[in-house]
Structures are given as structure tokens and as C-alpha cells.
Amino acid sequence: MGIINGKEFIDRLNKLQNEIWYDGKKIEGNISDHPAFKGIIKTKSSLYNLQTKDELMNEMTYCLPGEHDPIGLSYLQPKTKNDLRKRRNMIEHWARHTHGMMGRSPDYMNTVMMSFASSAELLRDKENCFPEHILDMYKQAAKHDLSFTHTFITPQVNRSQSYFGSSEKPISAKVIDRTEKGLIVQGARLLATQGGLTDEILVFSAPKFFFETDEAFAFSIPSNTKGVKFITRESFVLSESSFNHPLSSRYEEMDSIVVFDQVLVPWNRVFFYDNVEAAKDFMTKSSFHAFTFHQVVIRQMIKVEFLLGVAQLLVDTINVSEYQHIQEKLSEIIVGLETIKALIEKSENDAQLDEFGYMRPSLIPLQVISTIIPTLYPRFTEIIQLIGASGMVTLPTENAFDSEIREDLDQYLQATNTNAEERVKIFRLAWDLTMSSFGTRETHYERYFFGDPIRISSRLYTSYPKQQQVNMIKAFLHADVDD
Amino acid sequence: MGIINGKEFIDRLNKLQNEIWYDGKKIEGNISDHPAFKGIIKTKSSLYNLQTKDELMNEMTYCLPGEHDPIGLSYLQPKTKNDLRKRRNMIEHWARHTHGMMGRSPDYMNTVMMSFASSAELLRDKENCFPEHILDMYKQAAKHDLSFTHTFITPQVNRSQSYFGSSEKPISAKVIDRTEKGLIVQGARLLATQGGLTDEILVFSAPKFFFETDEAFAFSIPSNTKGVKFITRESFVLSESSFNHPLSSRYEEMDSIVVFDQVLVPWNRVFFYDNVEAAKDFMTKSSFHAFTFHQVVIRQMIKVEFLLGVAQLLVDTINVSEYQHIQEKLSEIIVGLETIKALIEKSENDAQLDEFGYMRPSLIPLQVISTIIPTLYPRFTEIIQLIGASGMVTLPTENAFDSEIREDLDQYLQATNTNAEERVKIFRLAWDLTMSSFGTRETHYERYFFGDPIRISSRLYTSYPKQQQVNMIKAFLHADVDD
Amino acid sequence: MGIINGKEFIDRLNKLQNEIWYDGKKIEGNISDHPAFKGIIKTKSSLYNLQTKDELMNEMTYCLPGEHDPIGLSYLQPKTKNDLRKRRNMIEHWARHTHGMMGRSPDYMNTVMMSFASSAELLRDKENCFPEHILDMYKQAAKHDLSFTHTFITPQVNRSQSYFGSSEKPISAKVIDRTEKGLIVQGARLLATQGGLTDEILVFSAPKFFFETDEAFAFSIPSNTKGVKFITRESFVLSESSFNHPLSSRYEEMDSIVVFDQVLVPWNRVFFYDNVEAAKDFMTKSSFHAFTFHQVVIRQMIKVEFLLGVAQLLVDTINVSEYQHIQEKLSEIIVGLETIKALIEKSENDAQLDEFGYMRPSLIPLQVISTIIPTLYPRFTEIIQLIGASGMVTLPTENAFDSEIREDLDQYLQATNTNAEERVKIFRLAWDLTMSSFGTRETHYERYFFGDPIRISSRLYTSYPKQQQVNMIKAFLHADVDD
Amino acid sequence: MGIINGKEFIDRLNKLQNEIWYDGKKIEGNISDHPAFKGIIKTKSSLYNLQTKDELMNEMTYCLPGEHDPIGLSYLQPKTKNDLRKRRNMIEHWARHTHGMMGRSPDYMNTVMMSFASSAELLRDKENCFPEHILDMYKQAAKHDLSFTHTFITPQVNRSQSYFGSSEKPISAKVIDRTEKGLIVQGARLLATQGGLTDEILVFSAPKFFFETDEAFAFSIPSNTKGVKFITRESFVLSESSFNHPLSSRYEEMDSIVVFDQVLVPWNRVFFYDNVEAAKDFMTKSSFHAFTFHQVVIRQMIKVEFLLGVAQLLVDTINVSEYQHIQEKLSEIIVGLETIKALIEKSENDAQLDEFGYMRPSLIPLQVISTIIPTLYPRFTEIIQLIGASGMVTLPTENAFDSEIREDLDQYLQATNTNAEERVKIFRLAWDLTMSSFGTRETHYERYFFGDPIRISSRLYTSYPKQQQVNMIKAFLHADVDD
């Protein structure tokens, strides 16, 4: 047991027969054959293969003491700064393979599970809390290389501050009963990326202003648990052509609404329930944010690198590097990339052992990235559009190049340093990255990954230690000029 | 003769059998039945119907002195400020019917033809110039209510300032021969919106830095002229469902590359050729900019109104109007809308009779709009995304509402003031407007409508009269304090 | 009786002997001789002279029916759109004479008084309201060409939303007693620009969240009323040299805290008191905002014209007009200026007769200006700094040019099109406008003139009619595609 | 010999009797007594005292091998990353003592000299180059703790790109003769901060587009060399009161134009001359940028810390921390500060030994800071003004608090958590930092420290390695989907 390869991942997933509703129909047969899902499943499978390759295995896996089976390194609980750097290296590998385009790459959710396990002790001896269930789940996950998604966003019925939420029937998923066998959960959660495409689904609630007891829970259950339904949005896969749709054909992860219809969550899958205090503590005092942010921002760094590459390739293709305003725009991306890199490194350098013996990256630098990425990422996609300019609009398709008008295209779409086909491929990539329905969903995803950008910014302010600076000013105000 | 209705438009178009290449195939049969084109043709047809409705006919048409057949008011050559206001009213009607989403609504191109006719005298007695051909074409157009597109963007081979352009075979369309029957044109032009969907195509060159004699021409020919090919991009029509794709199903205009393959332009269709000076003069001194900008910015005003409505409807739906940052964002749109309105009105109030006896709107206020719209429009689409937030992502389709999971959707997607279906429709509209491939193309279209935003801004600076202000400062610097 | 000239203004002011505290000392003797005040008083006096000049008298004054003495046109209650345009012309004259630098030019406060008078009827028959006192005051003001300032900002003790304000002794000025002779007022108001430099001081309260009865009043009293003290800030007059400090030597208006120490306000000076409802109504339903905003934004338009002139003169002086980023920056100012102009014109064109028979400018366009000026003005001053660049820093003084090192200066500070002295004068002007303590106060003044910019923006949103746009969207969502 | 204390600095400076022209007069007597200079000289003297304090001496000085006299640590040529960190610590001490307000703190120029010495070998065996003079000067400087300024900006006659510069008499300082005794220099340089307030003046030319032989030089001479004149601007010291002007009374450094009137530069002071190639190489290949940027950005980091402290103290004083927009603004400063910190640390972590055996900080992270600080710093000062709002305007002076109206001030200017006097001190600090003539000069200084912001940005783009990113994209475009 231990790491799986791509085929094992696909076979296990197909076997689950999760209940997925797509465009009003329940999906039958192998999910890996469905046009809307085959691309992402194939890509994900290639990620699993990556960890089994001889030349990378060493960097992508580790063995537990006394064990022989390699385990995915994303499960590693870091105890030293070097462990953190090994984790970074592994995350970079997976992210680079998918250009940072896969939000739910396996390492993301594995890191979440690892952070839960690393902070399970926070729940020790608290009412309705089962830290050992977390630890057990974590071990299972590592041993079987389980894939996960999670869901925590509650339906957006009313976003007014003074809205308490009230409905006869639950809207947001809640515990409606506690039975001998387990919890009974009813209601929905929004926005499980890759919902239905994983072995397990992790469900918990982000603490919020009005937080009721029956919403204060966390658990993980198999995606095919009875009563769990995934309702997807429209697919942004437009074709299988990697010429026409180089990104969406590979990286469209799909998002789902998750409905819990009288779902029984067995006790051994319950991490905690009916304990508002524990739920809040577990989010704010655990290593969840530190470890998860660390994974996310490394992926985002790789994605920004990708944007920089695309931008510069456009510049080369139409030969505009001499323009000052083009140089300024590229500089903006460079500044963003180097800033993110420096902050990641700082968070690792300033890491500290937490009370449970794990090496937590420093949170402030990671929070800074989370504060700037919601404006940086959209701005960088805008820069790519501004460089591409009118060239982004009239882009012929792969079939056009395979037809009798190819000669016209070759003549009229040639670029300075590139032939017409290559040029159209480059521009189609830029378009798919920033202007296709897939591309704009990516932009929106990064903009909202960490939550409402305005609150992220408030959170940084609130959590930042400012008193020392203030004291310095006060001292200065009373200083003698002769000092 | 005179105005046509929607059916006449469609019939005439189908009869033309223009050579349109879509995804590597030449379109056969009626263009109005093709999935990629039927939506826009239907919408355009409804615009023609609008001018034949009794209650609007008075506002949408006029009669030439001594004639009985009503002619589209977009052909009216304004001689008074009141004429300008009548034109505005007509433009608003058509724009409002299509929410400003149709860039090539008939009035746009009719206005271009009208502006050409109104300035034809500029070409009188100049070498290789045929002002009477312009006047004749204008009369034909008005009489038969011809539909037009135009194309003037040259292929983006190399955008470096020091690039002269050179290729054995022409890339940008050029006159390669002058025969007894007419000009022979070879080469391509990019980006004819609605290319192939109109009776005629107007071709001319925007003056540029290196402007060669064989590029200095203007003419109009039927779209089905031998040797004229329209090569389209991928269609952004995703379905015919107005629930799923309320805008793209109706307003996707398509853009084409236009190839001229040894095309004969008969002399009576040539406006001018081989005269660089005349080409420059005709663009800069004619009423082309004044009349065309006037049409464009009125359409954009209506589009911004539409954006404001969508933004506010989102705000109402999820009840977020109390948030200061939401109020600020909506205010931004209001400021933009009111600014555009005021500038349009000012351009009309400051209109002046030109040397040919036509009432030209003042250009500076229109140029100001052209300078700000490339940033305003994208910003407003961003605001809509920021208001929609995570609600923009997981939107089910029409079929989902027609299936057995409708009950789940009704429960979990309900909004404060609206049921689930209505709410999803609202959010899908917001998505189609700002995030679908159609929506981003609209954004890009407005951003680049007037050309490279940086040059627009330079042009405003250069053409603006600044000396008076400078003189005031100089006088002040030498003023006696006691003055 | 009627308009006064500069000398009359100065003589009357000196005679008042207002209690002004400057840098810890009570000013004795003629205020017009004091170094901190002589510049502004001289400039203000030149404004009064302007209205007595033969060539302008016609545009600057009017006569009441049956009267012969000309009255300042700023007192004119407009009844037609033409009246509004006459008012605009008069405001432009005064503003241009002072380059828009004088916030409390006489026309500003005269307009305030005129607006009060024009809406006095709103107070008719309301408790503790005396509309006839307003009308009487207005007549006195016009007849004697009285100068005014006003003060309404309450001390900024605590700006938290949940702060009610409470102190044994009043902080913000309040009515503490109602006697036979009049009200007794105690407390302070902040920020009376030109406080102590006018005949009268108008005191009223802007409605706010927690608004108590004893704060709901309005009155006007002579500046030298017993118990009224003006406590000034540091003066930003650095010298009398118009070479060194071309603006601050002329336009430094000074701001004061106004202290009311058991001040008796005679009944005939009380407009209303102890009536929260009336106070609110009088601010929101009167023509106060419409008429006052109209005056203010015209002055700001002239000021922006001045900024444009200075910016362009810098560009000419160091010959940088060829740079694209310079052109873009100048364009920004042009866009701002033309936008403001168009909105002012629109507010006049859309003016409507109010219930009292006066022609009110449309408020929305004026509110739009009030929303954008707090960012435009600071940005334009930044642009001037960016054009001036390092040239803004090492600027020699007038005395240096009068010394033996003048030859060095002449050689080393010469500019392309200008000699050293002129160039230094131009740059010193740019510096005084944007970087001196005077200049930054001007910037702050425009930024906060209409109140907290964030609230201005919220107010625009709240007062803007949006329902029609929303209804259009709703109709569209339910429209048949065939429509 | 070795480090000096404050008194020694002042005595030596007074003895020099540098030729300084202030407001048209040549300064006579001790410069340390002159009102415009006494504040900055006292502050600088306190910096020298700092290095002699027992508790800091260890961190502020080092000893050369075999020597006993401690030398200022700013002279240390770093050979390890630890040396870099020691340097950082020393720079932080001095910067913190002056809140980052002193641009020409001794460590800045000492670092410049150190960087020159560390790269002197670049000039070895080149024509007209004297590396040994640099090394000798460096030793002298360290041994005597000499103070320096430098000057390199050429007069801004004409900034057009096509301007070559030409004038019978030199404008920009040039070598006009080469004699037995040394070079003869004639012309001017702009903007020597602290010009005339140091022992020595270092003169060199930044390479530029049109760079002529006679401008290609570098040397250092005593400030009192015959023919050297310092022409100052107006002083921004408004008073000696640290209540009224807490920053300008201490940190106003003054800027001067430096005139060279037939100045003889002895050969042993010449570093190189008449060698364009060497001049360019010495700027671009030496460690000048790496070491100097390192010092500068550490000082700027401390200054941003100071801004954050002031901003937060304002927030506390008027109790506005609950407002989301205030939190956002403070977050902006936090993001800036943490970004700068992370980039500095990264430049040290990525430092590498150069060809001469010195440990050079990585330049890219430092260049990134140089690219963002010109917009960050002005924005942060704007944030402080926006928080202070109307409270920044009417600030009474120290004398007012010492007068009989103090009671009024105490009552009406009290703040929630602070008495009136303290509150006024806090606001006056915020004003002096951001709005006084001193404050705006600070802002302009940081905006232009590294040169024209637009060129800095271009330089970052040009020097950044981008090929790897581009190659990744190219590989992706040709990748098989199955990879």
C-alpha cells in the first residue's frame, strides 16, 4: 500500500459511481469517459503517474519509519525547515506539471488532511470531539493515497449583515439528527471543485458571525455515500482539441453544488459536531491556515510564472518589447512574481515549531500573498489581453489549418519570428488563459480562493502586530531633541 | 424602395451566398440557418422590423424631399442641432433594443456611409479620387437599405515601430493592378465584425506611419464579389437557450478575416486610390470621426446603462446594498454613465456647421469618451464580477431546472427576494455579460473599438487646444500682486 | 447702498476688531497689516474692485426692480436658465481672477445666503423656525455686500460609528440656554476658512446620525460678537515674495477653530433652533446643495484649467511633450476638465423650477463632480510633480537671482525655451501649487470640500434613480427571443 | 584614528568653511549655528555619537586585522552572508535613530565608497583609470570617518530624447583641461543633498544615452576646494519647535546645486577620466548598485515602519479602526512593509561572491523594491492624509498651548484616548510627514531616489531572465496531451 498511479486512481473513481448530475442528467457509466470530465481525469491521472516515476519518486514520496511502501510527500508532517523545503519542492513539481492550473491537485487536499491531523490534539477531551477519528482518517488517506475534495461555502441566499438565516427546511447543510449510527445531515454546500471526482469529500464549516450549533461540525465521507448528490455547472470544455483549447481541454476541474439528503455520517467519520467553540478554535488555532496557505501560494507562484511566460512569448511573437508601456506591464508581472517568491521563502525561514512539534510556516507572509493575489492575478490576465490586443480576437481553429484555406492563413497570419500556425497556437493559449469561459473562471477562482478580498485585507490588519511601531512613535513624540 | 423589414434582410442575405469559411468548412445553404449565425441574423432582422413598426416609424425614418418612401434615419445628413438630436433618438432606439450589444447595428455603418457622403467634396478634383462614386453609393445604400460591414485593421505581423513591412506576396490588402475594369486587390484585412453577414463590405485604410501608395484606397463592393473570402473565428454561441446564454444566443456577431484573392473592384465602386494625401485628409478632415463617434458613444451609453441595471439587480438579489464598498462600486458605474451622457449632450450643444453645410458634433467631448471607455467598460464588468462573487461560479443549466433535481435547486439556490430559477437567470446573465467567451470578447471589443488606448490618449492631448491656458499662466507669472 | 469696493471691504473689516488668536497671541491693530493675513485680504479686496470696474459691472452686478444701486450678481435668485448662465459667468470671472484658489470668495457665501433665502419657505409655520429672519438677513447681506464665512464641522473627538458623544461641558457648539434676548451658545466648531476675516459668520449643523435637539440650529452673527473667538492654525504665508511664493503670498486663506463662549445670538439672527426635523429638511430639501454645488464646481473647473496650464507650461519648458507617458498624463487632466465642463453644462440644461419658483440646477451631474473631484484634484497635482520630476527640488530664491551668483544661475538653470529666471519662476509656481504647505492644504481642501469622499460616493448611489434600469433587465430576462 | 563622535564631526565641518550660498548670501561663521542647518547637523552629530556608545559600539564598528581603532561598520567589505547581516543590523540602527528620514546618513555614502573600493579592480590597467586612488581614498575615509555627499544629476535643460546638449560654455560639469596638477572641471551638477555639510564631495556621471568623453569621470575632493560653490534652495525648517515641526526641525537635509568654477582636481583624487567605456562598466558591472541599493532599501524599510506607526497612531487617536476602508488602507501599508522585508531578506539569502571575493546581495529583489517604492511611498503618505482627514487642517501651534486659550484647546481638541496637546502633536507629526514642504520633499525624494520611475521599471524588465519561462510555454504548446 501507499502511492497509487494514474490507472489505479481512474479505476477506483469509476468504481465509486458517485451521483453526479450534469445538465439535468445523472451521469451513468464511467465518469472518465464523459466528455466534460475525461480531460481533467486524464490530467489528474498524469499527476499520480508523476510520483511513481523513478527519477522523481525520491522527491515526491517518503516512507514512514519501519515501512517500505512510499507515501505521497504531501502527507509529510514537517518537523524541520528542511521538511518544509522538501514539501515546497514536491508542490512545485506537481504545480509545474499543470502550470498551477489545478486548484484541487492531490497535494492540496492531502495537505489539508495533514494539517487536520497535525492539530488534532487541539480537540482532545473537548465535548463532541474525536481527534482519533481525524488521525485515523489521515492514516487511511496516506496509506491508500485517497483523493479528496472539500466543501464549506454556504449558499448565498442573502449577504446582508443583519440576516440570520432561517428557513423551515435547512438550506445550508446542518446536523438534523444524532443517531446511534451517526449524524444525519441535511442541506447543501456550494462549490466543491472536482466534486464527485474524488474518493472522499471533507465537509466542515468556516466560522462566521452567526454560527449555530448544528452547523459546527467536520467530517469526511466517501463521495458515493447514500444521499450525497453533486450538481455541476455547465462544462467549460469546448473541445478535445489542444490546439483550439489548450487549457480547458486539460484543466477544466468543474465545480459542483453538493446536496446532502438525509445523509448518515458514521461516527468513525465524525471529527467533531455540535461544538461551536471547538469549530472556531480548530480553524483559527490549528496549523490549517499555515500549511494550506503554504501549498496554495506555491501553486499560485507557478501559475504566475506561467502567465509571465505567456506574456513574454506574446511580446516576442509580435515584436513589441521596445515599447516602454509594454516593458512596464511585463515589469508588473515580474514584480508580482518576485514578491510572491520572496514572501514564500520568508514564511519558511521564519517558520516555528508549534505546540504539537510541527514546523509551521510563518503565517503573516502567506497572508500578505493572500491579500495581493486577488488583484494581482486579474491584473496579469488583463496585461496579457492588452499585449495581445486586436490579435486576440480573430483566431482560426485547428480545422481551418487542416483545410484548403490553410495557405491563406499561412500567408496572412504569419508573425515576425513565427509561422502562422505557431502564432495562432500562442494567441489561442493566451485567449484560453484569460478570455475563454475557462480562463475567466480561473481568474475568478484565484480572486476568491481565500474568501472575500475585502475581508482578507481586514484580517491581515487585525492579526498584524502593530503596537511596537506605535510605541516608537509615541517615544519619538516625547523625545528630547538632543537625544 | 426604402427601408426593408427583417424578412427582406434575411432573404437578400441568403441569396448572396457569400463565401464564409467556418471551422475549416465553407458554409453551404442558407446562412440564416447555421447555428453559429442564426441568432445574430434573427436579432438583426428584429432591428429592421423595428423601423417598420407604426409607432416608431416616425422616429426611425425620414423621407427625402419629394419622395414618399421612408428611408432609415441613420442616413440623414444633419443640418441642424435638432437633426443631431433626432439621430440620437433613433440610435438610442436601436441600441436599447439590443442593449448596446450589437457593434455593427445597421445605423453604425449607415452613419459611416453618410459621413463619407457628407465629406465627399474633400476629394473633389484630386488625383485618383471619385467623390461622385461615394455619393452614388450613398444613394444606393439609402434607397435599398443596404447592410454593410467594414474592415481596415491590417494584419499584426510585427508591431515594432521600425518595421516597414515587406513580403514578396502582399499581406495587408493592396492594389496590385489597375485595369480597364477596375482595381485588382490582393491581401487580407483583419477583423470584419459580421463579415459575410452583410450586403456590402466597405474597405479602406487608416492612415499610419509608413503608409504606401498602394494601400491608400477606399471602396465598397458586394460581399459576394468573386475572390472575397471571410474566414471566421470559433463561434461563441454555446447554445440556443436564452436561459443558459441569454446574450451569446442573440448577440454573437462573429468576426472574420477578409481575404482578397485577385479581387476586381469595378471603377464605379472605387472612392479613391493611389493617393496617400487624399487618404489621410479624408480620415482627418472629413466628418467621419465626428459622425461615427457620435453613433458609437450613444450605443456605448446604452450598454453602460445595461451594465448598471445588471449590477443593481445583482445587488438587489443577494441584498448587499448596505455595504459601503458595494455602494462605491455602483457609484463608479453611475459616474461613468452620467459622464458619458453629459459629454454626448455637450458634443451636440457645441456642434457647428462644417464647410459643407452639415452640422458636426463637437469632436473633443466625443474623443474624451473614446479615451475613457477602454478603461471604464472593463472596470464595470469587473465590478459585476466582484458583486456576483462566488455566486458567479456554480450556475446550473436550464435542463437542470427541467429535471428531477429541480426541487433541490429551488430549495438551495433561492435568494432573498427571488426564487432559485430567477436568481440563476440573473446570475447567468451577469456571467454571459462578463465572463463567457462572448462576454470577454465584448469587453475586448469596447476596449479596442477606437484603436490602441494609449494612442487615443495621445491623440486627445495632441488635438486639444492648450495655448490659452498656458498664456494665462504666463500672464500670471508676470502679474503685479496689486492687480 | 449695494456693492462695495476693496477699500470699503478692508476698512469695515479692520473696524470690526474680531477676536483672532494667532500663534498664542490675540491680534491687535489692523488685521489687514498682519503678515499672515495681508496677502489674502489684499487679494479679496481686488475681487471686490473687480465688480466695480466699468467693463465688468454689467456682468458682475444686477439691480433689484425699482432700485438703482447695483447688487452683486451672486445674490441673484435665478428664475430662468439664463439667470443660471449669468451666474456661471459671474462665478467664472471671480474664480479666474484668483485661479480658483479662493474657496471663500465672496460669491460662495453669497450663494449660500441666496440659497437659504430661496428655500426659507420650507420653514414656514414650523416650530422654532423663523423664515423671515433668513429673508431679512439675505436682504441686509445684499444691500451692504456683507462678507461671510460659515462653520459646521464638529470637533473630531471620536469617529467611531457607535460613539454618541457625551461630555459634561459641550464640545461641539450647542444651544445651552434660550433667553428673552436670544439663544446662548457654547462650544466649538472646526474649520472656518477665513474665520475672522469676514463681517459675519453663519453657523449651522450638517445633519448626522446622532443629531440632538440642542445642535439643530442655524443663525448668522457678526464676527465680532462677544464671546466669539477665532483660533487659527500656523500661517502658510512664507514670504511676501511673489517670485518665491506666487500662490501662498496671495491666496493663503487661513483656517480657524471657532469658539463660542456663552455667545448670545439675538432672536432676529436665529433662523431656526431646537427642531431636528426642520434642520434635516432644510439641508436636504432646500436648494442649498443645488446652488452651492453649482458655485463650487465652477470654481473647481477654473482651478483645473489652471492646473492644466501649469502642467503644459512645464512640458513646454523642459520640452517633454514627445513622451507617450507625458501625453497620457496631460490627457488625464484634459479628460477631467472636459468632464467637469460637460457636467456643469448638463446641470444647467436640466435645471428645473422648484416649488418656490427658482431655477435649480440638476443635482445629479453636480454630485457626480463632487464624487470625482476628491480623486481627480490630488491626481492632477501628482501629475504636475511627476512632470517636474527632479526639477522641483533645488529651486533658488528671488534673492539668489539678485546676488552675485546670478550669473551661475543664468548659465546652469537655463531651459530650452526659457531663461533661468523664468524657468525657476515656473517651477516655483508648480511647487507652490502642489508641494508647499500651502499647496498640500489646497489639495486637502478640494479632497474634503464636499465631506468624506466615501460618503459622497454612497450618497450618489443612494440618491440615484436606478429602478428603470433594473426593470429593463427584468423585462429582458423574460423576453421571448423572437421579440 | 577611526570613528569620530558628534563633536568631532561638527568641529571639522565648521573648520572647512565651505562656500555655501543661501538665499542670495554666502554663509559666514559656523555653519552649525545657522538656523537652516543647525537641526540637521545636530541630528547628524547624534548619529556619530551613536557609534561611540558602549552598548552599540560592538554592532556599529569593527577593527581591521591587527588594528585597535574601531572603524565604522558601514566601511566593512562583506565577504560572507553574515557580514551582510551585520551590515543590515548597523544600517537599521542608524536608520531607526532617524526614522529613515536621513537620506545622506553617513552609512549611505560610506557604503558607496566601500562599493567603489570593492570594484576598483574593474579599472585595473584601463586607460585613464586609477584604481589605487579609489583604494587610497577608501582607506582615508575609513580611517578618518570622513563624511561625504555625492552629485551626479545633470542640469535638466531639455529632456527631449533627441537633444544632444550643446552650449559654448559647459552647463553640465565637464573636464575642460588636463594639467600637470590635475583635471580642470567647469560646470554644474544638480541636487547634492547635504551639499556643503560634508567633508568631501564625490562626483561622477551616470551613464546616459549621449555620453561624451569629457563627462566620463569620477573623483572626490574636499568640499572646500577652491571654486566649488554650493547654492541651496529655500530651507524647509520652519521653526526650532519640535512640537510644531517635529521632523523638519531635525531632518531637513537641504539640497544644493554644485557649481564647479575652474576647479582643480588633483591627480591623486581622480578615479578615472576621459574613458566612456570604463565609466559605463564601473556603474553597471561593479558592486555599486548591489551594495548601495541594499543600504537604501533598508533605510526605506525603516521609514515605511515609521509611516505604519504614524498611521496606526492616528487610527487609535480618533478611534476609526472599525471601518473596513481604514482596515484596507492600513493593510496596504502592512503589505508594502512585509514585501520590502521579504525582498531584502531574499537578496541577502541569494547573495553570491563576486569575482573580487565580496559577497554581493542579489540585485533582482533590490531592483524590485526600487520599482515599487516610487508608488508605495507616495501612496502611504496619501493614506495618512486620508486617515487624518479634516483633522489635518486646523492645528494650533505650541505657543497656543502656552497661552490663555489653552483651556479652550484642551476642551475642544481632546480625543477619545488622548488629551488635546498629545492629539495635536500626533496630527502635527502626520502633517509634517506628509503635507509640510519638508514632508512633500521627502515624498519626492523617495519617488525619484532611484531615478525616473518609468526607466527603473524598464530596467527591471530588461535585466530580468525570462527565457526559461518562455521555453516552458513553447514546450507546453508542443506537448502531447497524454504526457
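Letters A, B, C and D mark the chains as written, and numbering starts fresh at 1 in each.
Note that in this section a residue touches a chain if its C-beta (ideal position, glycine included) is under 8 Å from a C-beta of that chain, and two chains touch if they have at least 3 such contacts.
Model, not experiment: these values are computed from the prediction.
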| item | value |
| --- | --- |
| Pair joined by more contacting C-beta pairs (A-B or B-D) | A-B |
| Interface residue identity across copies subunit A, subunit D - same or different by half | same |
| Rounded Å distance, subunit B centre to subunit D centre (Cα mean) | 53 |
| Gap in Å, rounded to a whole number, between the CA centres of subunit D and subunit A | 43 |
| Chain centre separation (subunit A, subunit B; CA means) in Å | 40 |
| Multi-chain contact residues (two or more partners), subunit B | 324-325, 454 |
| Touch list for subunit D against partner subunit B, complex | 324-325 |
| List of subunit B residues in touch with subunit A within their complex | 21, 23-25, 153, 155-161, 163, 169, 171, 187-188, 190-191, 229, 231-234, 238, 244, 255-257, 259, 261, 318-320, 322-323, 325, 378, 382, 385, 389-403, 405, 408-409, 411-416, 434-437, 439-441, 444-445, 447-448, 452, 454 |
| Touching residues on subunit A, where the partner in the complex is subunit D | 42, 46, 96, 99, 242, 246, 249-250, 305-306, 308-310, 312-313, 316, 324, 327-328, 330-331, 334-335, 338-339, 341-343, 345-346, 349, 364-365, 368, 371-372, 422, 425-426, 429, 454, 457-458, 460-462, 464, 466, 469-474, 476-477, 481-483 |
